[in-house]
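Shared between the two complexes below is chain A, which pairs with chain B and chain C, respectively.
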Partner chain A sequence: MRWQIALLVLVGMIALLMPGMPQFAGAQAATTLIQGLGEEPDNLDPQRTTRFHSLVVLSYVAEPLFTLDKNYKVVPLLAQSHEWSADRKTLKVTLKPELFFHNGAPVTSADVKATFERYITVSPLSSYMRPRTGGIVGMDTPDARTIIFRFGQPKPLAMISDLSDAHTGILPASFIASTPSADIGIRALIGTGPYIFKEWVPGDRIVMERFDRYRWGPAFSPNRGPASFQRLVFRVVPEDATMTAEVAAGNVDLTFDVTPSGLQQLRANPNVTVMQAPSFSVQYLVLNMERWFFQSTKVRQAIAHSIDKEAIARAAWLGVGRPLEGLISEATIGFWPPVRGYAYKYDVERAKQLFAEAGWRAGPDGILRRDGERFEVTLVTFSNVDQWRRAGIVVQSQLRQVGIDVKVETAEVGAAYDRARAGTFDVGVFRNTWWLGQPYLNFLTHSTNIPVSNFSRWANPELDKLLETAGSAVDDDERDQALNRVQRIIVESAVWVPLVSNTSLLAAKKSVGGLEVLASHPWWPPHLRALALTRK
Partner chain B sequence: MTRYVLHRLLALIPVAIGVTLVVFSLLHLTGDPVRLLFGLNVPEDIVQQRREELGLDRPVAVQYLRWLGRAVRGDLGMSITTGDHVVAMIRPRVGATLELTILALLVTLAVSLPAGVLSAIRRNTAVDNVSRVAALFWVSMPTFWLGLLFIMVFGVWLGVLPISGRAGGLWTLEGLRSHVLPVLTLGLPPAALFTRFTRSSMLEVIGEEYIRTARSKGLAERAVVIRHALRNALIPIITLIGLRLPWLFGGAVITETVFAWPGMGRLLVDAVLKRDYPVVQGIVVAMALLVVGSSLLVDLLYAVVDPRIRYE
Partner chain C sequence: MRPAHVASPAVWTLRRLWRHRLMLVGALLVLVVAAAALLAGYLAPYDPIALDIDALLTPPGAKHLFGTDELGRDIFSRVVYGTRFALLIGVAVVLIEAVIGIMLGACAAYFGGWADALLMRLVDIMLAIPTLVLALAIAGVLGGGLGNMILAIGITGWREFARLIRGQVLVIRTSTYVEAARAVGAGDARILGRHILPNALGTVVVYTTLEMPAALLWAASLSFLGLGAQPPTPEWGAMIAEGRGFVGQAWWVSTFPGLAIMTTVLGFNFLGDGLRDMLDPRTARGL
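Here is the complex of A and B:
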C-alpha cells in the first residue's frame, strides 16, 4: 500500500511539472495575443482615468471621433468629415455611416453628445473644453449623424487635443445613463473599438474578444478591421524582472513595458524582437529661481554647459535614452527642430569661465565660493525608478566637476512633487509625459502655474503671452510661430535644462507579425497595435 | 471557551482602530493623492474640486472619524484611483492571499517537522549536519531573490512551471502548477527556522522521563517519537506558528509582487504607491482580521494538542 501511495505522489509531481497540454496551447496561441502590462489600469473609463496604461488598454475598446497619423495630422476615425466656422467657434462633425457599438446599436450624434457632456463634467483632463474656459457651451444634433460643437471662444486645438484623444472615446448614451459610474470601465465598457471588453480579473488579466463587425479602422492602417487575433489578453506583471523572464520564456507575446536593463537581456535572446521609438517622455533639470545664486543668467548658463547629456543617456538610461535639446521631445506635437541650435553644449571650460564672470571662485576644497558662501545645493529627484534616480546622481557628479556641491535627496514621485511645489529644493530632476506641446509647456512654464507645475517659480510675461497665443490664435502659422518662440526662450533662459528623452520599448516573440507596420508610425498608436499585429 | 473566543474577538476592535489610525496618519503625512493621480497637466481648480468631493480638504481627524463611522457599518469607502468600492476590490483578493499563505505554511511544516525530528533523533550525525547547513542556506535567502531564482530556473531555463500569475484554482492542473513557485518561495525560507526550532524542542522532550518510561515499556521507537515526543514538542512550535503568521502575510506582499499574484499584498503595494488611503485602510483592516483570526485558531490548537490546557 505504501509504495502505491508513493507512486501516486510521484505521478502527481510529474504531472505538475509537465508543461501545459501542447495542442490546446497551440490552438489558443494562434488566435490569442497575450500582452504583458507593467502596471494594472486603475479603470478603463475613458472619461475618468488619467493613467497611461488605462488609456492604452481602453483604446482597444472605445474610440474618439478622430485620430492622428504619423505626421500628427488629424484623420477621421468615427467621423467622416468636419467643418470649422471661420471664427473657429463652431465645429460641425459628420459621423461615418454604418458604425456600431459592441452591443449592436448604431452610433448616433446623441451618443457623441452624451459622451462629451460626460467628458466635460467628469474628466480631470477636459479643462480646455469646459465652458468656464471658453470650451463647449452647446452641442446640437440636427440629425443622427451630425453633431455641432459650439465653443465659447475660438478653440483651434480642440480637434488635436480632445477630439482625437481616447479620453473622448464615444460610449452609448443609453449605457452612460443606465450604468452606475463606479461600474463603467471596471465591470462594463461598451465602445466601437476593434475589441470587446469581456472580463477583468483584478490583479491578473483583462480579456477582450474581437469585434467582428469592425470595419472603420483609420486610413493609415493596412487592415481597417476586423482584427487578426480572436482574443486579446492583457496580463498584469508589475515586477520588471518577472516581465523580462515572461518574455524570454515566450509566455507573453509582446510588451511595451520593458526596462532598460531588461532590454539588454532580451536583445541577446534569438526568439525575441526588440524595437525602440521616440517617446513623449522627457527628463529635465529645473532651477528654483527663488534662490539668489540662480538669479544670474551666467550661472544658469554655466550649469547648462556643465551637463553632459550623452553621459546621462549612457549611465542612467543604459543607452536607451536620447539627449534632449528642447523641453519637449521630437515625438511631441509642436516640437521645433531648430531649438537644437539654441541648446547649450556640454563645455566644462566655458562653464568655468561663466562662473568666474559671475564672481564665483573655487575654494581650497574645489567648491565655488562667492562673498564667503559655498555653492551648495540640494537636488531632489524621484526614488522609485532606477533611471530617474541614476540621472540625479550623474548630474550631481557633473556639477561637482565644475565646483558645485550637490546633495541628492530622493523621494517617491508624489513626495518629490510635493517638495517641488513647496519650493523646498534648489535643483530638481523631474520627468513628464505629454503628447501635445502647447498645453504641456503651458503647465510647465506659464506663471499662472507657479508653484503647481511651474516648479522654477520663474515668471516671464513674454513667455506667458506667447503660450497664450500658441493655445488660442485662430491662424495656424501664428500659433506655430508662438510655440517655436516659446521653446527658444525656455532653452535660452537655462532655468530648465533638458536632459534626456527616453525611448518607447517593445519586446515581442518572433512569431508576432506586423511589427514593421507598427514601426512605420512614430508612436505605435493603439489602432495599429490592435489591427496590424498578426501571428506569423 | 466561548467566552474566551468572544474576548479575543472583542480585543480585535482596539487593534483595528490602533492600526488604522497609525496607517491613516502616516499616509496623510506623505502628501496629496489627487495630484499624484491627476498628474501635473490638470489645473489646480479641478484638483481642488476632486479633493473636496473626496473630503480630503477636511482635517485629518475628521477624515478618520468619518471613515471609521462608515467602516463600522461595513462600508470601507471608495478607491481614490479606481472609483470602485473598496470592499469590492478587496473581496476577490482575500482568497488568493489566504490560499498562498495557507499552502506556504503547509510547505513550511511539511519540510520542517520531519527535518527537525530527524535532526533531533540523529543528533550530530550527517543528517543533522546537512539539516543545519540547509537551514542556514534557506534562512539567508531573501524572499525576493529566491522568487527570481525559481523563476529563472523553473520558468525560463527548464520551462517546466508557469512564471507568474494565478492560472486558476487548485482543482485544475494549470491552476495547481501556477501555485508551485510562489508557494515554495513563501514557504521554504521559514522552514529553516521551524526546523531548528523543532530540533531543539524535540531534544528537550526526548530527555524527559516519560520518554524513557515509554521506551522502557517496550514501545516501538516510531511510536515513542511521534506519539509521545513530537506531540509534546509541538506546543512551542504552535506558538512559533502564531508568531510567524503575521510574517507570512507580510511576506506575501513581496511574493505576490514578484509572481504577479492577484492577492491583497499586491493591491496594498499599488495602493500605497498611489496613496489610495481608503484601499490601504481596507486592506489593513482585512489583514488585521486575518492575523487576529489565525492567532485565535492557533491558541485554540493548544487545547487540542495538550488536553491539560483549558480556556475559561
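Here is the complex of A and C:
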C-alpha cells in the first residue's frame, strides 16, 4: 500500500513538472520544432540589431515588403506590386489586401511609413536610405494600401538592398508609438510573419507560436501559410560541443549552427541529416589604421603576402571553408571575379623583402624591429566560435614566421565587436554576412561607418565616392564598374585581408521533413525555414 | 653501544620513509614535473606552438608520441611545456594566497579584539561564496589572461591560510618565550616577525603543498572556461577545452593534458599528505 502511494505521488510530481519543461515533453513533440541556436541574439528588433543570429530569428516574426528568390530576384511579400519613376527617385508600392499583424490589426501604408521612419532614424544599417545620403526625403500614403517613397537621389538598389531586407520588417505604427524603443524586440515584437513572438527566457530559449491567419508566404514557397509546426522553440546552445551532442541525442530537431568539427561527427550519425550550402558569410582580417606601423602600404602588403588562406581553410575550418580573394564571396550579388588577380598571393620571401624595404629588420629573437621598436601586435577574435579562434592562432603563427609577434586575445562575439568599435585592437579577425555587394562593402569600408562597422578606421575619399556611385547611378553598367573598382581598391589597400568564405551547414533529425525544399534554394531563406519544414 | 633493538639513524630514516611510501611516489611525481619544466627545451621534440597543417589530428604514434591537435601541434611537446605554466601558476597562486593569508591571519590573532573580529568576519564572508564562482567573477572583471587568472585565484584562496595561521599564532602568542620577548621590550613587529611566524611556518609549508594542486585545478577550470591562458599558450586546461569539440573523433587531444593535470595534482597531494603525517604530531603514527 505504502509503495503505491509513493508511486502515485511520484507520478503526480512528474505530471506537475511536465508543463514547466515544454521542450522535453514528448506529447508536444509532434507540433513543436526545437531549433538549436549557437549564439543568443542581442535583441529581436529589426531596426536596431546588426547581428546575424538576431536577423535569422526575427525573420520568423517580422517581414519586409519584398523578399528574394533563389536567383536573387526581388519578389513581393507584403507588397503586391510596385512602380518606379524613370529617374529612380520615386517608388510606389501597393500592399497586398487582407494582411494582418499578430495583434489582429490590418497592415496599412501608415504602418509602413512609421517603420521606415524608425528604420532611417535608428538602424545602423540604413545609411543608403537616410535623407543625408539622398535617401528617403518623404513618404506619401494616398490610401491605406499605397505608399510612395520619395528619394533625394536615384536609389536604384532600394528594393533589393533595403525593402527586401528583414531589417525593414514592418511593425504596427501603434506598436512603435506606444512601446519604448529599447523594449521592442526584447519584451515584445509584433509583426506579420508566420510565427508570433511569445517569450524570451534570456540564456535559455525563445518561444514562438504559429500565426494561424498567415496566408501571404512568398510565391517560391510550396506552403504559403500557415506553418506546419504549432510551436517553435529556439534553444540557446552557445557551446559547440554541446550543440553537437544535443543534435546527436535528438534534443534539438535542427540547427544551422553546426561547426566543422561537429559536422564530421554528425555525418556518421544515422539519425541525423546533414546539409551544406554556399554562404555569403566571410571571414576577414582587418588592420587598425590608427597604428603607425600599419600606415606603410608596404607593411600592409607584406602582411597580406604572409597569410596562407589555404592553411586557414584546412586547419581552422577543417576543409569546410574556401580561401577568399575579395571581401565579398562568390555567392554575393556584385562579386567581381577578376578581383582574384589583385589578391596578394601567399609568398613569405616577398613579404620579408617588403618588410625590409619598409625599414624593418629582424632582431636577435627573430622579431622585426624599426627605430628600436619591436613589431608586436594584438589580434582580437571570437573566443566562442571555433573557426575564428583557430583562424586567429593560424594567423598568429603565420605572422610569427615573418617576424611579427602577435598576441591573440579572444573574447565572446559581442565583447570582441565592442573592442573593434572602441579601437582597442591592432589586428582583428571578424566576419560578415550579406547577399548584396554594395551595401555590404559600404557597411564595412565607407568612412561614415567608422567605427560602427568600418573597424579599420581608414577613410579613403576615392573609395567613399565609388561606393556612393555604386549605390546611386541610374545606369546599371556605371554601378557595376564602380563596385568592381571598389573591390579592387579594397584588396589592393591590404587594409582588409579576405581569409575564408564560409559554408552554410545544417543538421536535422531524420524525422524533420521538407529539407529537400530548403535544399532547392541555395541560401535557405527564412520563409522556407518557417513554412517548408514538417514532421515526417 | 646502542641497544640492539634501536636502529641506526639511517635505518630509522629509511623505515620512516617506507611508512610514507606514498609520499615518496608523490615526491617522485613532483620531481618529474619539475624536471620536465626545467628541461622542456630538451625534452620536447617539437615547438609547442608550431602548426603543422599537414598533420592535423594525427593519432598517437612514433612520430608524435601523444598525437597532434586540430592545428597539427605536437601534444607531447605541449604537455611538456605545459608543466612550466602549471608550476608557475601553482607557485604564484600559493605565494599570493600565503602572503595575504599570513598577514591578515597573524594580525587578527596577535592583536585580537576588534581587529580579530573584523578580519575573521571578512574571512567568513569570503568563505560563504563558492571559490570557483568568486574566482570566475574576479577573472571576469579583470579580463582573461594568465596573469589575471593567477591574481583572481590568489585573491580568492587566501581565506584558509588566514584561518590556519590565526590558529597557530593564537597558540604561540601565549608561550613563555613570547612573553619573555615582550618583557625585554620587543615591539609587535619584532615579536611577530622573529618569534611567532617562524614557529608557525611548518604548518604553512605543509598546507602549501596541499594548496598547490587545488590552485592547479582552479586554474585548469578557469582556462577551460576561457578566462585563463590565451591561445596558443600550452596550458593544460585550455588544451582540454580546445580538444573537447573532437572528443568523438580524436580522444587524444583532451586526454593527455587531462592525465598531466591528474598526475601533477596526485603528486602534490601525496607529498602534502605525507609531509603532514610526518610533521604533525597529532596525526603521526607510532614511529
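The working rule: the second predicted complex is superposed on the first by the 328 of 536 C-alpha atoms of A that agree within 3 Å, B and C clash if a C-alpha of one lies under 4 Å from a C-alpha of the other, contacts with A are read in each partner's own complex, and residues count from 1 in each chain.
Quick note on the criterion: a residue touches a chain if its C-beta (ideal position, glycine included) is under 8 Å from a C-beta of that chain, and two chains touch if they have at least 3 such contacts.
Here the structure is a predicted model, which means the values were calculated and not measured.
Undergrad: Contact-wise, after the overlay, does A:Gly392 reach chain B, chain C, both or neither (first, second, both, neither)?
TA: The second partner, chain C, only.
Undergrad: Based on the superposed arrangement, let me know which partner A:Arg361 touches: chain B (first), chain C (second), both, or neither?
TA: In the superposition, A:Arg361 contacts neither chain B nor chain C.
Undergrad: Of the partners chain B and chain C, which touch A:Ala241 in the superposed model: first, second, both, neither?
TA: both
Undergrad: Examine A:Gly262 and indicate which partner it touches, taking first as chain B and second as chain C; both and neither are also allowed.
TA: So A:Gly262 only meets chain C here.
Undergrad: Scan A:Ser383 for contacts with chain B and chain C and give back first, second, both or neither.
TA: It touches chain C, and chain B stays clear.
Undergrad: Contacts for A:Leu318 in the overlay, against chain B (first) and chain C (second): which applies, first, second, both or neither?
TA: A:Leu318: touches chain C, not chain B.
Undergrad: Quick check on the superposed pair: does A:Arg340 touch chain B, chain C, both, or neither? Answer first, second, both or neither.
TA: neither
Undergrad: If we overlay the two complexes on their shared chain A, which of chain B and chain C does A:Lys510 touch? Say first, second, both or neither.
TA: A:Lys510 contacts neither chain B nor chain C.
Undergrad: Have a look at where A:Asp204 lands relative to chain B and chain C in the superposition and call it first, second, both or neither.
TA: In the superposition, A:Asp204 contacts chain B only.
Undergrad: Please identify the positions on chain A that touch both chain B and chain C, taking each partner from its own complex.
TA: 241, 384
Undergrad: Residues of chain A touching chain B in their complex?
TA: So the residues of chain A in touch with chain B come to 15-20, 40, 42-43, 45, 48, 50-51, 124-125, 127, 181-182, 186, 201-205, 235-239, 241-242, 245-246, 248-249, 251, 384, 412-415, 417-418, 432, 434, 439-440, 443-444, 452-453.
Undergrad: Sort out for me which residues of chain A touch chain C in the complex.
TA: Interface residues on the chain A side: 240-241, 244, 259, 261-262, 264-265, 308, 311, 314-316, 318, 383-384, 386, 389-390, 392-394, 396-397, 407-411.
Undergrad: Enumerate the contact residues on chain B facing chain A in the complex.
TA: Of all residues in chain B, those touching chain A are 30-33, 35-44, 46-47, 50, 78, 81-85, 89, 92-93, 96, 148, 151-152, 155-156, 159-166, 173-174, 176-177, 180, 257-263, 266-267, 269-270, 273-275.
Undergrad: Which part of chain C faces chain A closely enough to touch in the complex?
TA: Listed in rising order, the residues are 49-51, 53, 56, 70-72, 144-145, 226, 230-232, 244-249.
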